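Two complexes are shown next, each including chain A; its partner changes from chain B in the first to chain C in the second.
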Partner chain A sequence: MQRHRVTEALWGYAFIAPTALGLAVFYLWPVLQTAYYSFTEWGAFGGHTWTGTDNYVRLIHDPEVGRALVNTFAYTFLGLLSIPLAIVFAALLNRKMRGVGIYRTFFFLPVVTMPVAVAMVWRWLYNGDYGLINYVLSLVGIDGPNWIADPDTALYALVVIGVWTSVGYNLIIFLAGMQAIPADYYEAAELDGAGPLRQFLRITLPLLSPTAFFVSVVSVIGSLQLFDLVFIIAGSGNAARANPAYPRLETVVQLFYDRAFVTNDRGYGAAIVIMLLLIITVLTALQFRLQRKWVHYA
Partner chain B sequence: MRRAGLHAVLIVASILMVLPFLWQIVTSLKTLSSATAVPPTLLPEGHWANFGKVFELLPFGTQFLNTAITAVARTAGQVLFCSMAAYAFARLRFPGRNALFAIFLSVLMVPPQLFIIPQYQIMADLGWLNSLPALIVPGLFSAFGVFLLRQFFLGLPIELEEAARIDGAGPWRIYWSIVLPLARPGMVALAVLVLLWSWNDLFWPLVVNTDPEKMTLSAGLASLQGQYQTDYPILMAGSLLASVPVIAVFVFLQRQFIQGIAQTGIKG
Partner chain C sequence: MRMRGTTRIGTALLGVVALALTAACSGGGDDESGNEKVTLSYAVWDQNQKPAMESLAAEFTKTHPNIAIDVQLTPWEGYWTKLKAAATGGAAPDVFWMNGPNFQLYASNGVISPNPEQVDTSVYPKALADLYTFEGKSYGLPKDMDTVGVWYNKTLFDAAKVAYPKDDWTWADFQAAAAKLTDPAKGVFGTAAPLSSFQEYQYDTIAQAGGYVISPDGKTSGYADPKTIAGLKFWTDLIAGKQSPDLKTMTDTTPIQLFEAGKVAMYWGGSWNVSEFSGNDYTKGKIDVAPLPRGEKQATIIHGVSNQVGGKSEHSKQAWEFVKFLGSQPAAEILGKTGPIPAYNGTQTAWVAAHPELKLQTFLDEVAYAVPYPVSKNTAAWNEAELTHLTKAWSGEQPVDAAATALAADMNALLAKE
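Entry: the complex of A and B
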C-alpha cells in the first residue's frame, strides 16, 4: 500500500514536470527578474547597474507616463460601454428565433479577426480625406475631422474600435449567463402579468450581475494592457511622433514597448510594467470591494 | 410585428459589425487612384494585382508558414503538457499538490508584459532571436490551460478510471486511453483558443523576430503599415490574407470557439 502511494506521487510529479519547469523558467522567475530590473539602469551594450529607486522617481516626474496613464484610464473607462451594449444584444438574441446563429456569428467576427488587421481597416475607414465614415457624414452635410490625427477625436475613435471588437465576446458570455437563469422565474413573472421589459429589469439584470461583474473585471484588466490597436492606429517611432494626436493615444503598454525595446531603456521599461501590475491589482481589488453594492448572488 | 422590429434592430447591428470587412474587401480590389477617388466608388473593381503586390512587398508566404508552424506547435504543446498537469492536479495524490497548483494559478494573475524582458534575455542568451523556437517555446506552457483542463477533468465521471485501476492500469495508461478520449471537448476548446491567440499575437513576435523572413503575419503586416502607409488597397489585401485563415477556422469550429469562451470567459 505504501509503495503504491509513492508510485502515485512520483507519477504526479512526472505529469506536472514539463509545465512546472516551463512556467518556472519562462514565467515565474521572469516576474522576479523584472522586479529586480526595475531597480537597474541598462548600458548601451546590455550590462546593467543597480540604481535603487531612480527609475520610480523618474516615473513619477515623467509627463509622458502621466499622459499614457490618463489615456489608458480614459480608454478603459469608456470601453466599459461594451457591457451594456452586449447585455442588450444578448437579451435580444436569447430566444428561439430564426437567424440567431447568423447574428451571433456577425457579432463574433471582430473577436476572432487579427487585431492588426482590424486596426488597419479602421484606420482606412477613419481616413480624413478618403475614409468611408467621412463620406457618409458628408452626405448629411457634416465635414468630418481627420479622426485619428485630431487630438480631440483620436481617443474616442480608438474606443469605438475597442467596443466594436469586444461586444461580441462579451455577448457570448452574457448569453451563457442568461441561459443559466431558470425558465420558471420568467413563467412565474408572466403569470403575475409582468411584461418583457419588467422581466428583463427585475429578473434578467439582477441574476446577470455576477456575470457582469466578471466581464467588467476581465475587460478592465484587458483594456489596461491595450497595445495592438494603438500600435497600428498611432504607429510607432518617428511616424507616431509626427501624429499630432499621439499624446492622446499613447498607452502604458505602448510606452513600455517603446522604452524597453526601441530605446532599449530596459530598467525603466521594467519599472513601467511593475507600475502596471500595481494599477491592475488595485483596480481589481477595488472592483471586488465595490461588488457588494451591485452584485446579487442568488 | 414585434419580431419584425427585433429583426430590424439586429440587422442594423449586424451591418455595423460586417461593414468594415466588406469595405476591406471592396478596397482590396481597387487601384490606389480609385480608392482615393472623391466621392468613393462603392463597388469592387477586380484589381487582383494588390494581392500579388503583398507577396512582393513582404515574404508573405514565409511569414504565413512561420505563423502556421508557431500556432500549430504551441497548440500541440499546450494541449499535451497542460492536459498532463491537469490530470495530475485533478486525480493523482502527491505531497505539495495544492501549493503547487496555487503557484501555477499565480501566473494567471500577472499581466503578460511582466514576463517579456526576461524572456527576451533568455532568447538572446540562447542565440534564438530571429528564429522559430523563439516564437514557439515560451508558448508551449500555460497556467491557463492547466486550470481550464483541470476544471474539465474534475467534471468527468471517475468510475471508468477506477475500474481501469482495479484492472491494473497505471496512471499513464488511464490518462492516455481513458481520460483523454473523454475530455475531447475540453481539449478542443483549449486548442481553438491557443490557435487564435498564437495566430493573432503581436507583441512577442514583434520583439523577438525583427528579420522579415522570421516574422509572423501580424508583425509583418505591422511593418508594411510603416512603409506603405498610404497604399490602402495593398494594406487591405494583406490584412485580408492574414486574417482569413483564422476566420475560416472559426466558421468551421464555431461551436467549440463559443463554448470555450463561454466556459472560461478568458480571451487572452
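Entry: the complex of A and C
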C-alpha cells in the first residue's frame, strides 16, 4: 500500500516536471537573478560589482521614481472603472435579443486587436489639430486640447484607451459568470415579486462577486505593469522626454525600460522592477484579505 | 527574444564552421589573408543603404576572394540595444556602423579596436576624423557625412512675397522671413523649433551664437554660458512669437509632417532629408535648400557614420582590410551614387548631381565652417538631462536661462562621473 502511494507520487511529479522545470528556468531563475542584480552596478557592456543597497537608497530619493509611481497608481485606480462598465454591458448582453452575437463581437474586438495598432489609432484620434475627437468638439464650438501632449489631460487620455481595451475582456468573463448563475434563483425571486433591478442587485451582483474579485486582481496586476500603450503613445528615451506631458505619462515599467536598456543602468533598472514586484505582491495579498468582506461564494 | 536566440545559435554555428575551416586550412602555417576563407559580419541600421552596402561588399570580395561579407540589417530602433547585448556577450559583429554619441563609450570599453596602422585621415573632413579619435588614437574610418541646412517651401515664399534666402543671410533675415511667412489664418508657421533632435536645431544655433555645449576636453558643460543661452533663446523666442508651433503641437504632429503638409515654411533639416523630400508628393518640386543663417558666426553641426572593427573580432585583420576598403575613394564613389554624402573629400559630385533641381552644393560648402557634434564618454546620460530641463523652457514653464543653468549643473555632475 505504502509502496503504491510512493510510486503514484513519483508519477505525479514526473508529469508536472516539464511545466515545473520550464517555470523554474524561465521565470523563477530570472526573478532570482534580477533580485541579485538589483544589488549591483553594471558596466555598459556587462561586468557588475556588488554595491549593497545603493540602488535602493537611490530609488527612494529619485523624484522620477516617485512620479512614475503616482502615475501608475492613478492609472491602475482609474482603470478599475472598466469593472462596473463591464458588468453593466454584460447584463445588457446577457439576454435573448437580435444580433447579440454581433454586439458581443464588437465589445471583444479591442481585446484581439494588437495593442500597438490600438495605440496608433488612438494617437491619431487624440491629435490636437487634426484629430477626429477635436474635430467633433469643434463642431459644437469647443477648442479641444492636445490630449496626449497636455500635462492636464494626458493621463486621462491614457485611462480611456486602457478602459476601452479591457472592457471587452472583462465583459466576457462576467458574461460567463452570469450564465453560471442558476435560473431557479430568478424564478423564485420573480414569484416573490422582485423586479429586474432588485434581481440584479440581490442575485446577480452577489453571485458575481467571485468573478469580480478575479477580474479586479487580474486588472490591478496588469495595470501596474502598463508599458506598451505608453511606449507607442509617447515613445521611449529622448523622443518621449521631449513631450511636455511625459511627467504625467511615465509609468514604473517605462522607467525600468529607460534605465535598463536606454541609459545602461541595469542594476538600477533591476531595483526598480523588484520594487514593482513587491508592490504587486502586497497589493494582491491585500485584495485577498479584503475579499472576505465582500465576496460571496454560493 | 526568439529572433535573437536564433541569431545567437546562427552565430555560434558560423563560429564552429569558421573554426573548422581555420583548422582545416591552418596546416600551411600562418597564412593570414591568403588562403583562409572567412565570412565577416557587417552590421548596419539603414534599410535604404543596404543595397549600396551589399554592392560594396561584393566589390570587396572581387579583390579579396577569400573574404565574404554578410551584411546584417538591424533597424535603428533596435540597433544599439542589440549591439550592446551582442558586445556584452562577446559576440559583436566583425565590422559595424558607429555614430558620434556612442563612439567614446564603445572605444573606452574596448568594444571597438584602434586602427592597427596609420592611415591618412586628411582625406576626410577634419571634424569627422577628430570625432572618431579617442585618447589620441583613431578608430575606424569615416563612411559618410551630413550637415544641416534650411529647407524652404518656395510656394509659401512666393505667396507671402518673401525673397528666397541668400547664401549670406543672418539671424535677423531669418527672423524677419519667419515673421512674414507666418499666417495664422491659414495655419502656416514661418518655421518650427522642436526639441526632438538637437543636431539640426539647438547645437547649431548654440555654435552660431558663439557658445558651446561641452568644453573641448569633455569635462564641463557649456549650458550656463550666456552665449549658449542666446543660442537656445533663438528658438524659444520663435515659439513665443508664434512663428513656430508650440511644443504640444509639435509633439502631436512632428515638424517634418507639418513641412510636408505646407504648414511650415522653413524647416531646419539635414542633408539626409534629400531622398525624403524629393520623394514626397507635396514637397517634390516645391522646395529648395539654403545654408543656415549666420549668428555671431557661421556654423553648422557636422556628423558622419564610421565603420569600426569589433574589438573581439576573430578576424580583425580581414575586418580592418574591409574597413580600409570602405573608407577608400572607390568605395566612396559607389556610395555617392545613392547617398548619403560620402566622407571622402572630392567624391561628392555624384551626390550633388543626382538632384540638379536642389542646391545640394550648399551642404558641402558648409563643411568649411562646420563644428563637430558634441559628445563625451557617456553622451546618452546628459542627452537625457538636456530634455528633462529644456522641456520646461520650451513649454514656457521656466525661463530659458534658469533651465539652462540647472541643466549645466546636472550635466557637470554627470560628466564628473565619467
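One rule holds for everything that comes next: the second predicted complex is superposed on the first by the 274 of 298 C-alpha atoms of A that agree within 3 Å, B and C clash if a C-alpha of one lies under 4 Å from a C-alpha of the other, contacts with A are read in each partner's own complex, and residues count from 1 in each chain.
In the analysis below, a residue touches a chain if its C-beta (ideal position, glycine included) is under 8 Å from a C-beta of that chain, and two chains touch if they have at least 3 such contacts.
Predicted model, so just to flag it, every value in this text is computed and none were measured.
Chemist: For A:I148, decide between first (touching chain B), second (touching chain C), both and neither.
Modeler: second
Chemist: Name the contact category of A:V262: first (chain B only), second (chain C only), both, or neither.
Modeler: second
Chemist: Answer with first, second, both or neither: which of chain B and chain C does A:N127 touch in the superposed model?
Modeler: Both partners, chain B and chain C.
Chemist: Applying the touch criterion given at the start, work out whether A:N243 contacts chain B, chain C, both or neither, answering first, second, both or neither.
Modeler: second
Chemist: So, does A:A285 touch the first partner chain B, the second partner chain C, both, or neither?
Modeler: The answer is neither, since A:A285 touches no partner chain.
Chemist: By the touch definition at the top of the document, which applies to A:I60: first (chain B), second (chain C), both, or neither?
Modeler: A:I60: touches no partner chain.
Chemist: Given the superposition on chain A, which partner contacts more residues in chain A: chain B or chain C?
Modeler: Between chain B and chain C, the winner on chain A residue contacts is B.
Chemist: For chain A, which residues lie in the overlap of the chain B contacts and the chain C contacts?
Modeler: Correct list for chain A: 127, 129-130, 237, 239, 261.
Chemist: For the complex, which residues does chain A have touching chain C?
Modeler: 43-46, 126-131, 145-146, 148-150, 237-239, 241-246, 261-264
Chemist: Taking the touch rule as given, give the residues of chain A at its contact with chain B in the complex, in rising order.
Modeler: Residues 5, 8-13, 15-16, 18-20, 22-23, 25-31, 33-34, 37, 89, 92-93, 97, 99, 102-118, 120-122, 124-125, 127, 129-130, 132, 135, 138, 164, 168-169, 172-173, 175-176, 214-215, 218, 221-222, 224-225, 227-228, 231-232, 235-237, 239, 253, 256-257, 260-261, 266, 269-270, 273-274, 276-277, 280.
Chemist: Which residues of chain C touch chain A in their complex?
Modeler: Spelled out, the residues of chain C in touch with chain A are 81, 84, 87-89, 105, 109, 111, 187, 194-196, 247-249, 251-253, 378, 380-381, 383-384, 387-388, 391, 394-395, 397.
Chemist: Would you mind writing out the residues of chain B in touch with chain A in their complex?
Modeler: Within the complex, chain B touches chain A at residues 3, 6-7, 9-10, 13-14, 16-18, 20-21, 23-24, 27, 35-40, 81-82, 84-85, 87-89, 92-95, 97, 100, 103-104, 106-107, 110-122, 137-138, 140-143, 146, 170-172, 175, 196, 199-200, 202-203, 206-207, 217-218, 221-222, 225-226, 229, 232, 235-236, 239-240, 242-243, 246-247, 250-251, 254, 257-258, 261-263, 265-267.
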